[in-house]
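Note that subunit A is present in both complexes that follow, paired respectively with subunit B and with subunit C.
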Partner chain A sequence: MIGGAARESRVVGALGRRGLSVQFRRAQLLMPTFVLPLLVLAVIASGTRAGRDLEAFPEVSSFLGFVVPGTLLQGALLAGLTSGIAIASDIESGFFDRLLAAPVRRSSLVLGRLAGTLGLAVLQAAWFLLIALVFGAHYDGGVLGALGAAGLASIAAIGIGGLACAIAIRTGSMSLMQSIFPFVFVFLFTAPAFFPRDLLTPTLHDVSAFNPLTYVVEGARGLLQGDTALGDPWLGLLAAVALAAGATLLAILALADRARRS
Partner chain B sequence: MSARTTTPAAPVAWALWIRSLGEVTRVRGAIFGSSLAPLIFLLGTSGQFGRLVGLPEFPTDSYLSWVVPLCCLQGAGFAGAAAGANLARDIEQGWFDRLLVAPVARPLLVLGPVLGAITRALIPVTLVLVVGVAIGAEVTGGVLGVVLLYLASVGFCAVAAMWGIAMAVIFRTQQAGPLMQMGVFLGVFLSTAYTPQPLLTGWLEHVARINPVSHVLELGRQATVSGIDLSLAHTWPGLVSLAGMTVGFGALALVGLRRMGR
Partner chain C sequence: MHERTSSSGPAIAVRGLERAFKGGIKAVDGLDLAVDEGEIYGFLGPNGAGKTTTVRILVTLLRPTGGEARVAGHDVVAESDAVRRSIGVALQEAAIDPLMTGTELLRMQGALHGMRGAEARGRATELLERVGLTDAGGRRVGEYSGGMRRRLDLAMALVHRPRVLFLDEPTTGLDPTSRSALWREVRGLNGDGTTVFLTTQYLEEAEQLAGRVGIIAGGSLVAEGTPDELKARVGEPTLHVDLAEGADLPAARAALAAIGPLVACEEGSRVAIRAAQGKATVPAAVRALDEAGIAVESLEVESPTLDDVFAAVTGSTLEGAAQAAADADPAAQGAPA
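Moving on, here comes the complex of A and B:
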């Protein structure tokens, strides 16, 4: 039993490392995940900074620090989507069929891919927080707050990765996975990623309550700013863990279904 | 003197155009994603930043009217970038190699996909406009304004398609898909996407001023923004920008195409 678990954890580790190395093998493919969110951050920070003059905008030490959680969330979404694209690529190239024929638990194939997503998300979060700090963001929550925010975003990335993997496994189409890319921004903008929830329009305010990423981004904001009035970190953690667990289960079920059909 | 025989241009372009339109049915869900995403983006963005119209110097009191042209351009841009992703798939699968050895002028090989992308782009553009107006966006520019909005969208789709095709022939892999879409995002974001020029601050104020997409947005915003009247002064910079980007990215695509198969 313990030997089996150790073997499966080695499989998960190996697939996770492969997932990361595939990502880093082609530098141009890192651009969307590592650079795009920073550019959006820069644009939002410059383009909507005037919003601080609005009534009901909370007092924060830096606008850049206030919007950084939206960037962490965006990075998590992109890291998750990358997992789905990679798994669809493996399916189209036939590599995934070879994995399916290997004497390992099928859940390990999904968990291995998501381990790579977790690694990528951690690297991204550290990168985003560091770059924003260099450009003037203030983290009143200190190092612990920054670590907590990065942790929340990384767990959320597993959730998005699980959803992306489930879709990729069900469809096996890389073209379809790439057409899902715009939806990343749907998840982002139906959460109070860059503006306080109280300043969203009434409809979006109501919709955002059903988006688990709302609680993740608010929790990360509360941690980074050291102010739980901006977001409850524990609620954020609960939302992130529930999303990750549910989405991973969906991906495993999708894989079981695919294996039955093939 | 070359004795090479070439096929008449029109039937080739027509055949590739029709094949490109076939993507709508061939790739399940692709049209769903590219059509629905700008729509949800419209709702999300207007909900997220809607209160910004309360700031002085905002040219309209309807943020929805401000972002309808933005979302039309985004939808059109995604449809254009998808032409590049589809071409990358054809290259990976070897189908494009067969086209390269056909007695056909190479520019024709990309004309069909560009026309297909423009045709597909009409779906999200129309959807965004109709839904936007239905939920409260104003059509201050009347019929002529709407014509200009379609012109801006179709032109931007062609630009995005050229960009996507250039990336496809340079990297020759579907994994460059996010890079193609990122180009569209950057073009749109680094402009007056969310707030008008006077409300932009820092570096974005300067970048948006020289970004040609700001002019294309202004061209389209004559349809819905009460503060941007129909006039030549708001029209010709957008048209010139579209022409310049089409020529620039078209040349890049053709250079990449010529290098293929050498």
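Moving on, here comes the complex of A and C:
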């Protein structure tokens, strides 16, 4: 037997590996997580390119490079949501009971699931950035900027995953989790995912200030374009970490509450 | 090696256990039982009797609303983590992720019990061999048959060499061959010293495996003992004699009455007597009938079954009770856990 912390880290690692490997075996989840964001990117990049000519649009070396942080954000939202769907599926099938009957900390069960989400988000971000690069995106922030942007999106994915897990643990319903899929787009389009915040309508502009993903996507944009005027990376990091920490705590509390109510 | 208990005593001790669900429905109502170390205890009852709720409390998945329960010397509420370290659990329906392979699941289970990579890998290989799934270990569980899933489920419950094993209806839905294979495995585990708490709605399973049987109905234990003890409480075996055509019925009754008390019999060509000695009564009966010159077509000794016991203590047969209660158990219906 091994020490407490090392033991729990093995549990988190094992559950994270499971979460990630099973994700790639569910064909129905691969489409929304790896393909759908690219389709949206293609539509945005080709259909709204003229927006670049607007006076308030910032000077950037490539429009595709400007909008790809929105794709990273969309990937993070979907990775997080699938995490909730997976946990609800485990609850419905009874597999979650197997985990609960093991001598592990309840928090490790949540962290293990979110470790899988983190792994998925990193792979998604690398995939999206690579595809955009192939299709002509310029990343003036260089490799470090790309890594930073991917990192921000991945931390945000943990936050979204934590929220989704909290809902899944509270409800135990896979169909409910699937039904909240459209809210991904609410979060996405109430942040300046594909346009500068100054070009949003006044109402949306005000709403976006309350969406933590606003600061994540702007921070990622600033890193990718190597221009902090487009977004403050540190503010983005703060927003992503706060979201991840708060949502993870919510999920852990939801599990503790479920155990208390049992 | 089994986990050690914090104190000596029964492997499972339950006193006045209660579990009420929303609406005041009591799935478990004042349950008392004790299971000794090294026993196979059969927990028998129809769907809705409270079996699954009891098991879920004992494996720490559900909190009792009254009474107390200790498993491997630990309180299931106050020392739930210690209980979890001591037990192996195979719940109903073998809830196993169909997208994972048998090997992956066993290794993950090993990690959940604190095993390092190499140790978990070795244990997975060992267990796959033990349950006859070595060749299937690399395949996804979704491709397994029901029997293979059950065996894998059992293997997962054994990863950490638990001291007490909970099997909740382990053979429900299995074909006779798979059922026999699982029974053999359970006997083998018990032979190694593992205490087994087995819930079942199959009378044959309880008779085949359990040293002692507890019958639960309406959330309470209504009878408990070895299968033979329970059957003896219901009554003695009965010897049925079918006479050949034209045989003298009154003479046959007189001859057999000397062997044992007559039992009322509806069929005109049949005589029945109490047979306290079971099959040992047959030679004496044959001799008596032969000496009286009575031709016999067939003889049969009928012993009470656990279903008779169930009917005697609950007023209905196990099958009938199962149908009546199928919609009544909140736990079986996935009530809030």
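Throughout what follows, the second predicted complex is superposed on the first by the 258 of 262 C-alpha atoms of A that agree within 3 Å, B and C clash if a C-alpha of one lies under 4 Å from a C-alpha of the other, contacts with A are read in each partner's own complex, and residues count from 1 in each chain.
Please note the rule applied: contacts are C-beta pairs under 8 Å (C-beta built on N, C-alpha and C of every residue); 3 or more make two chains touch, one makes a residue touch a chain.
All values reported here derive from a predicted model rather than from experimental measurement.
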item: Touched partner set for A:59, first subunit B, second subunit C, both or neither; value: neither
item: Which superposed partner A:101 touches (first subunit B, second subunit C, both, neither); value: second
item: Dominant toucher of subunit A (residue count), subunit B or subunit C; value: B
item: First, second, both or neither for A:49, with subunit B first and subunit C second; value: first
item: First (subunit B), second (subunit C), both or neither touched by A:7; value: second
item: Subunit C-contacting residues of subunit A that also contact subunit B; value: 26
item: Contact footprint of subunit A on subunit B as seen in their complex; value: 23, 27-30, 33-34, 37-38, 40-41, 43-52, 54-55, 74, 78, 82, 85-86, 89, 171, 173-179, 181-182, 185-186, 189-190, 193-195, 199-205
item: Of all residues in subunit A, those that touch subunit B in their complex; value: 26, 28-29, 31-33, 35-36, 39-40, 42-51, 53-54, 78, 85, 89, 171, 173-176, 178-183, 185-186, 188-190, 192-195, 199-201, 203-205, 207
item: Touch list for subunit A against partner subunit C, complex; value: 1-2, 7, 10-11, 13-15, 17-18, 21-22, 25-26, 90, 93-95, 97-104, 258, 261-262
item: Subunit C residues within the subunit A interface of the complex; value: 59-63, 81-82, 84-85, 87, 89, 91-93, 95-97, 99-100, 104, 107-109, 111-116, 140, 156, 336-337
